[in-house]
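In structure tokens below, several structures.
Note that chain A is present in both complexes that follow, paired respectively with chain B and with chain C.
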Partner chain A sequence: MPSEQELQIQISPIVQESLVHNSRTLYNLQSITASLFGVSAGILGLESYAGFVFYVALSLLTSVLFYVLRVAPTSLASGKSPLDTSRYFRGAYDFWAGGLMNGFAGFVLTWTLFYGLVTA
Partner chain B sequence: MAQVPVQTIHRDPQLFYWILFPITIVMILTGVLRHYATVLMASAPKKQDQKTTREQRSLLHGINVRGNYHVLSKPSLTTRRDALITAYESGAYLKNPDGRGQPPPNPMSDPSAMEGMMGMMKNQMAMIIPNTLIMSWINAFFSGYVIMKLPFPLTIKFKSMLQAGVATRDMDPRWMSSISWYFLCIFGLQSVFNFLLGSENAASQMAQQMNQMGPQGAGQMFGPGVDPNKQFLAEAENLAVIEHHSVLDGVEQRLLAGIKV
Partner chain C sequence: MTLLSKTITAFGSLLLAHACYSAREHTALQSLRTATAATLTSSTTVATSLPVDIIIETIISTFIILLGLVLGTRPLRPLEWRVWAGKIEREGEEGFTDNAGAVDKDYMGNPFSVFESRPNFVDIRKQRKEFAAWVQNGGGQQGQ
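For the complex of A and B:
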């Protein structure tokens, strides 16, 4: 007999395409906001640690806002506990911290560009 | 410890207009061009003859039955399983049933295999040629300039990478030359392409390399050099060991548990 978890998936299957679509939407949001954070960090003239802290704080804020505005209303209504994203995303780590990885290169690029342009 | 004074270098603002913006614009346009070139060069999937299609589809049929057996009733599964196993073991679905047990032909001599390799070669070329061209373009025109200062400090190890072509020993590694701006563009422009071309673009070579390292399961399954007879026999064995259970087992209890009075 299959394990409890397999049985659960067989009873209520997950549509792979929807999952992929959700993570792609999240990825787009993360990469675009990361570039915009880079622009603002550059214009503010932040240097070294201040810039990285700025990035980490703002991308976590983006995740929280995304959760509160898009995920929470239906997720809480369907009986999930708060801060649980398993209704739409697989893996809580990817949802909360994935933005830090995905957008980092874009952030450094635009940060450098605008820092150079502003302080020149 | 005395504070190291911050180095300031007075640069001509024209550097931005004549070096920074050209490199950035060329990088973005190359990405867009690469995306559309990949779209245009993508060859339509080749038409396969009936026997080959039957061979592949029947194997997929077995795999799907194995993956979704829990939605079938027990007699239904048994009938399917028996039919599939008999057909697999007798080789009824094989493209050429006479060739059983013989070693597979050399993949190099198979024309359909060459097709696939040509596709890969084309993709590789579409990545390598623009990169080489742009690298040599930047080296020829823009080497030896210091154009920007990074907003974060780096260790001295990065000096040779960031300041290639600038032979100044005491300069802070934060100053970067045009070639390092090119490298930053390679890594960071993915989000710009996402914005411009949608997230399924083929513009960034970084993403493409990630894909190549990724799963190759679907492509390899019917790839050249794989003996379909062995695949069939393995699949027959997998089907034979299925222990049937249905999602409808115990559904009454689940329903009753879900009803709130």
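For the complex of A and C:
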């Protein structure tokens, strides 16, 4: 007996190229913005928990901004409910919180670099 | 669209570079002041936090760059096959362009084109007649 999700994929199949294209677009944005947030955190001279809170907040803001500017105009027009990203992405968790993992290394790298540059 | 996002990103980067330079100068000045104050009066009551205008400039420039980067992302494609194929049927190549207006390299065209041209129903005798007429009219002469 196939599971609910398998049945859903059988009924409405998905396009793999679109999935790869959308994921790569989001991943590129998250990587580059994480580096940018590291630069800002370093200039501001944030330390320990303040820097991580800064990163988490701005990363979530990036997701929201990406949703509002890129996903929402066509997603809402096609009858999806607000904050529903299933037109372009599989899994809401990956969309909203995926940036926390993807860009973390880049964030710490530029954070320490610019902290050292500014305050040394 | 792409010009707009690039302009916004460049403007934000300029602001961020200025904020970074200001913060660097501020800390350099602070360390100099503490050094001279230590030699003169041995008092260490010097504020070490950044001025408010540099903080505001940094945060605002971060938001500006973020807006520019999000505006510069490539348009997304629908996941479900029926939505995607419907978009191709309705919009064709225009639905699959990047920000600069060029058609994406991996745009394949109509996924149902295999149903719309059927080799089994080609009239091969008619094509043979046409080919014979073409040969009789000297169509093959240019090779000699």
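Simple rule for what comes next: the second predicted complex is superposed on the first by the 108 of 120 C-alpha atoms of A that agree within 3 Å, B and C clash if a C-alpha of one lies under 4 Å from a C-alpha of the other, contacts with A are read in each partner's own complex, and residues count from 1 in each chain.
By definition in this document, contacts are C-beta pairs under 8 Å (C-beta built on N, C-alpha and C of every residue); 3 or more make two chains touch, one makes a residue touch a chain.
These figures come from a predicted structure and were not determined experimentally.
With chain A as the common reference, chain B sits beside chain C without any clash. In the superposition on chain A, A:T110 contacts chain B only, with no contact to chain C. When the shared chain is aligned, no partner comes close enough to touch A:G99: not chain B, not chain C. Once the two complexes are laid over each other on the shared chain, residue contacts for A:L58 go to chain C alone; chain B is not touched.
Residue contacts after overlaying the shared chain place A:V118 against chain C, while chain B stays out of touching range.
Residue contacts after overlaying the shared chain place A:S35 against chain B, while chain C stays out of touching range.
Of the two partner chains, chain B is the only one touched by A:S48; chain C is not. Seen from the C-alpha centre of chain A, the directions to the centres of chain B and chain C diverge by 80°, a value given as a multiple of 10 for the model superposed on chain A. Look at A:E17: by the touch rule set out above, it reaches chain C but stays clear of chain B. By the document's definition of touching, of the two partners only chain B reaches A:Y27; chain C does not. The superposed arrangement places chain B and chain C with a least CA-CA distance of 11 Å. In the superposition on chain A, the residues of chain A contacted by chain B and by chain C overlap at 28, 32, 117, 119.
Across the complex, chain A meets chain C through its residues 12-15, 17-19, 21-22, 25-26, 28-29, 32-33, 36-37, 39-40, 43-45, 58, 61-62, 65-66, 69-71, 74, 78, 86-90, 114, 117-119.
By the touch criterion stated above, chain A contacts chain B in their complex at residues 1-2, 7, 10-11, 24, 27-28, 31-32, 34-35, 41-42, 46-49, 51-52, 103, 105-113, 115-117, 119-120. Every residue of chain B that touches chain A in the complex is listed here, in rising order: 11, 13, 16, 20, 24, 70, 147-153, 176, 181, 184-185, 187-192, 194-195, 199, 243, 245, 247, 254. If you check the complex, the residues on chain C that touch chain A are 16, 19-20, 23-24, 27, 49-50, 54-55, 58-59, 61-62, 65-67, 69-71, 73-84, 106.
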